[in-house]
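The structures considered in this document are given below.
One chain, subunit A, appears in both complexes that follow, with subunit B as partner in the first and subunit C in the second.
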Partner chain A sequence: MIFFLLPLLAMFAESVYQPTKGWVVHRYLEFFRQRLSRTVYVRSLLMGFSVTFVALLIGYPAAMAVVSVKNDSLRSLLMTLLVFPLMTNPVARTFSWHAVLGREGLINNLLLTLKFTDSPVRLLYTRGAVFIGLLQLFLPLMVISLTSALENLPKDVPLAARSLGASAFNLFTRIYLPLTSEGIVTGCTLVFTGCITAYVTPAVLGGSRVLMLSTLLYQKASITLDWTMATVIAVIMFLSTVAVNTLSRAISTIGVKK
Partner chain B sequence: MRKFFVLLIALMVVFVLGVQKLNVSTWGFNLDLLDKNITKPFLEKYGIQIERELGNNSVRLSKLITQKDNPVIDVVHFADYFAMLAVKNGLLQPIDVSKLSNYKDIYDFAKDPIGGNYAIGYTVYSMGIVYRTDKIKRAITSWKDFWSKDVAGRISLPDITTTQGPVMMMHFNKIFAGNAYDPELKAAFQKVAELKKNVVTFYKTSSELINLFKMGEVWMAPVTRFSWGQFLETGLPLAWVVPEEGMLGFTNVLCIVKGAKNLDGAYKYIDFLISYEVQLAEAMDLVDSPVNVKVKVPPEIAEKLTYGEEHIKSLVFYDIKFIVENYDKWISKWNELIAQ
Partner chain C sequence: MTQSKWLVFSLVVALSIMLGPFLIIFFASFEPSSTLRFPPTGFTLSWFKKVIGMSMFQKSLLLSLRIALLASFLSLLLGVPTAYATSRYDFKGKRLIELISTSPSIVPGMVAGLALLRFFVLLRIFSIETTLLIGHTAIVLPYAIRSTLASLVNLPISVEEAAQSLGANPIKSFFLVVLPNIKVGMISAFIMTFIISFNEVPVSLFLSGPGVNTLPIVMMTYMEYYYNPSIAALSTLLIGLTLVIVLIAQKLLGISKFV
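Presenting the complex of A and B:
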């Protein structure tokens, strides 16, 4: 606990007061006063939310499918395949997206052959590219969290609900959702935090045009050596993820109490 | 037991004679070749063992800042911009060039590249234009060709946060407004804003750019000479252009840390690195282009280096101090322009 908290406190202290510079709280104001940092902040949060949302949307049915597989060896094979993207080198993985999203890449070739478009569409170095990259990167975390939550769900509960005449919709909203809320929150936390802090994916798939909090932080820390602003951004990133995660936890407990 | 004594005596001899150590902060590239061309001969010649601390420019500069009161490093290798930042942070001491016997043999631009004798350039590289000769049928001759319609959407430029970015912007300002030293770089920013839609991406590393060339995404870009060899290895039909407005010149430099413990060793190391022997060995292994004018290399080596009278003569150098003074402002302006 100490090893976890001390660096955090040190970071926070550094962003507020520095022995050589005195109070530096005004740097927080400076961050939010700049139009660019605001844009970057909102962009990062929206990216985090949208990736998390879509990951949940795709991840839930995927996790249900994995759990429904009765054959043990088949199921462990599926799990291995799921974890596979997490085990490949992030730089290599991101660059392989270039081969898919490039103007002479897979998708554009398909679009051109099917005559959906006359000239290649720009897919790389857009927000869409960053979105897809992050989704592929973090979807496994969502599926894994949901799979373990669904596995812990007593098998007879859905059966009982069914036999008492619950519709599929009711079964999902009143049995599955509340009983797996813990897993949902965990999955969302992992995916959201991952999206906010990821560096390689936005740097390589978004480039300079799609500046995010993490790439802005890197710029401040490594290029202009403005460590105070870098710490301020780090604290803002940290507090934002904590706030979002606390919120999602609160929402899920309300759901359970009902 | 005897073995133990032999070992003990050997240790004592080493302790008494003392193999001197020199702490050098540098990049982690080509370490095998550096050992062959520098570490081993340096130890043999002066009896000084080089200990390297590795990392990129900013990480190593950060370390110097934290060690300011009790420096560990004696000599540091930097790109010129980071050397200037180190000067600004009071981390370096001026070099007494009268102690360097090989100083007279290096190019003038390497003699005092950042001013105040705080650095010695030990290698040089150019940035010219590289383009696909199969896709662009006419000859590219000028930096202004990036604004031509026939290359629109197929070009890439270095990001302002790269070492080359701000220098390129100063060059653009020179080309379009006649003056490189405009603190606002008004003309350059205006021209890059015009170009923004036509740029595939503003690249940050040469490996990223090589990849974009390989995929056919980019046909033309400013390229650093030290990565030219890797571009040639792609097998693509490429040409290197020396633009009529000149190529950009960059030096990597050696500096002595303020309060260096082994000052004598530091001078020996710097003198050794700009010596004919080391400069030739490093050039032949394609590690670094020479600044020592006496070094002669065969054509097949020269074409991969920043080398030769014509090539060197076309280099344009700008004052790094001006960049350091205005860089924050330029980066914000760039972010506003590109990332909005």
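Presenting the complex of A and C:
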């Protein structure tokens, strides 16, 4: 563990003070003053929000469907299907989208055949491509978190609510949402922090056209060799994930107190 | 009834976003021409032959397997005693150990990779392969600890106490009683850590060096220069391999162990 924490502390120290250059705190200001890095940071956060939102929107009913399956073998098959993408080589998984979104991929061939367009549309290396890739990557995490939350929900509570005349809408907002809030917070935290730190998906589907925090970090570190800036980005990335984690813990403790 | 139809519909949408591309890349890897295309215009196995025969992929596959095996082994070697100590004894600094042993899963891979690179490669203490191994072990260790801890918690202390009251010393009871009982947890920890290490990108990205690259890194570099169905064929092989591992793991341990 010394091998892990020591380098980390050394890196944090270095992003603030360097023996040869003195204090370098101004590089943090530079990160937010430069348009490129600011755009990339905002883009990463927005991407995180939108992927989390859509994952929750699709994942919640999907998890309800998984939980409602009574047949044990069908249910374990579904769980296997959910776990399987998480275990797959990330480059292989992400590259699969090239066959869907590429110039001669599924969507372009479909559009051409249906005469919606005369020439192939550029779908790869767009924000949409990164979005769908991240959604594929993190949907399983969301569904799995929500499934375990829904499983812990006592079966007779929704039944009781319904027998007392609760409408479907009320049942959802008054029973399901509050009782599974912890699972929702966990799922959203996992997906959001995953989105702002993932490397393979933005690298393979966004390239240098759609830079994200992680791809910018790598560019600084290995192409422009601006080590201080790379370190600054790494620290900002780390602090952002810590902030999200702290925030979500605060939210779930408030939920418990209620 | 319409309500449950909506639920099933969203499950289908979720599964097709997650798994649909896998099916499409599977068919695209049989494309005879040299562009990545779906639907394919014919059928050939030549991309599979090509990709299996390429020495850069063979070399990096062997490196990835070596690192994944060693990192899983090391993480169990370090993780099982740590998990045992935290589950059985109360001591000063226990909270700290718990925090430290879970920290690699809180620190983003890119951040860890950069930190390790600056520390090891620039100081040049170890060879590239050793540095990769250290980085991977640090990444997978928390998973090894968590997995074995879960099965240790399920093993009542009274079992050990019984063994010791019958004359076994603590070391003997650990090896003869505790270890066999947490076998399932250890196997699932091994499979889990192996897969995580084998698929790891961000740390390897920074720690790989000239001629010493793990498979995912070589794939990403190759994709930058060549755009033909060979990566599709390789992806199909890797996806198929994962499917086999997941199915075996499920048969052996039950999928609940993984989630």
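What we mean here is this: the second predicted complex is superposed on the first by the 229 of 258 C-alpha atoms of A that agree within 3 Å, B and C clash if a C-alpha of one lies under 4 Å from a C-alpha of the other, contacts with A are read in each partner's own complex, and residues count from 1 in each chain.
Please note the rule applied: a residue touches a chain if its C-beta (ideal position, glycine included) is under 8 Å from a C-beta of that chain, and two chains touch if they have at least 3 such contacts.
Here the structure is a predicted model, which means the values were calculated and not measured.
Both complexes share subunit A, so when I overlay them there, do subunit B and subunit C fit or clash?
Overlaying the two structures gives a clash between subunit B and subunit C.
Is A:Tyr125 contacted by the first partner subunit B, the second partner subunit C, both or neither?
In the superposed model, A:Tyr125 contacts subunit B only, not subunit C.
Kindly classify A:Pro90 by the partners it touches after superposition: subunit B alone (first), subunit C alone (second), both, or neither?
second
Just subunit B (first), just subunit C (second), both, or neither: which does A:Phe192 touch?
Neither partner.
With both complexes superposed on chain A, which partner does A:Tyr176 reach: first (subunit B), second (subunit C), both or neither?
In the superposition, A:Tyr176 touches no partner, neither subunit B nor subunit C.
Answer with first, second, both or neither: which of subunit B and subunit C does A:Ala99 touch in the superposed model?
both
Which partner, subunit B or subunit C, touches the larger number of subunit A residues?
Comparing subunit B with subunit C, the partner touching more subunit A residues is C.
Where does A:Val204 make contact in the superposed view: on subunit B (first), on subunit C (second), on both, or on neither?
Both partners.
Can A:Leu139 be said to touch subunit B (first), subunit C (second), both, or neither?
second
Would you sort A:Val40 into first (subunit B), second (subunit C), both or neither based on which partner it touches?
first
Which partner chains sit in contact with A:Asp226 here, subunit B, subunit C, both or neither? Use first/second/both/neither.
First partner only, subunit B.
After the overlay on chain A, which stretch of subunit B ends up in the same space as subunit C: 183-191, 201-209, 291-299 or 327-335?
201-209
For subunit A, give the residues common to its interface with subunit B and its interface with subunit C.
95, 98-99, 102-105, 203-204, 221-222
Which residues of subunit A touch subunit B in the complex?
34-36, 39-40, 95, 98-99, 102-105, 124-125, 203-204, 207-211, 216, 219, 221-226
Spell out the residues on subunit B that touch subunit A in their complex, using ranges where they run on.
Residues in contact with subunit A: 56, 58-59, 61-62, 85, 159, 161, 200-204, 208, 211-212, 215-217, 327-328, 331-332, 334-336, 338-340.
List the residues on subunit C that touch subunit A in their complex, please.
Contact set of subunit C toward subunit A: 3-4, 6-11, 13-15, 17-22, 24-25, 28, 35-39, 100-101, 103-104, 106-112, 114-120, 134, 138, 141, 195, 198-199, 201-202, 205-206, 215-216, 219-220, 223, 231-232, 234-236, 238-239, 242-243, 245-247, 250, 254-256, 258-259.
In their shared complex, at which residues does subunit A touch subunit C?
The contact residues of subunit A facing subunit C are 1, 3-8, 10-11, 14, 58-62, 64-66, 68, 76, 78-85, 87-93, 95-100, 102-106, 109, 132, 135-136, 139-140, 143-144, 148, 168, 193, 197, 199-200, 203-204, 214, 217-218, 221-222, 227, 230-231, 234-235, 237-238, 241-242, 245.
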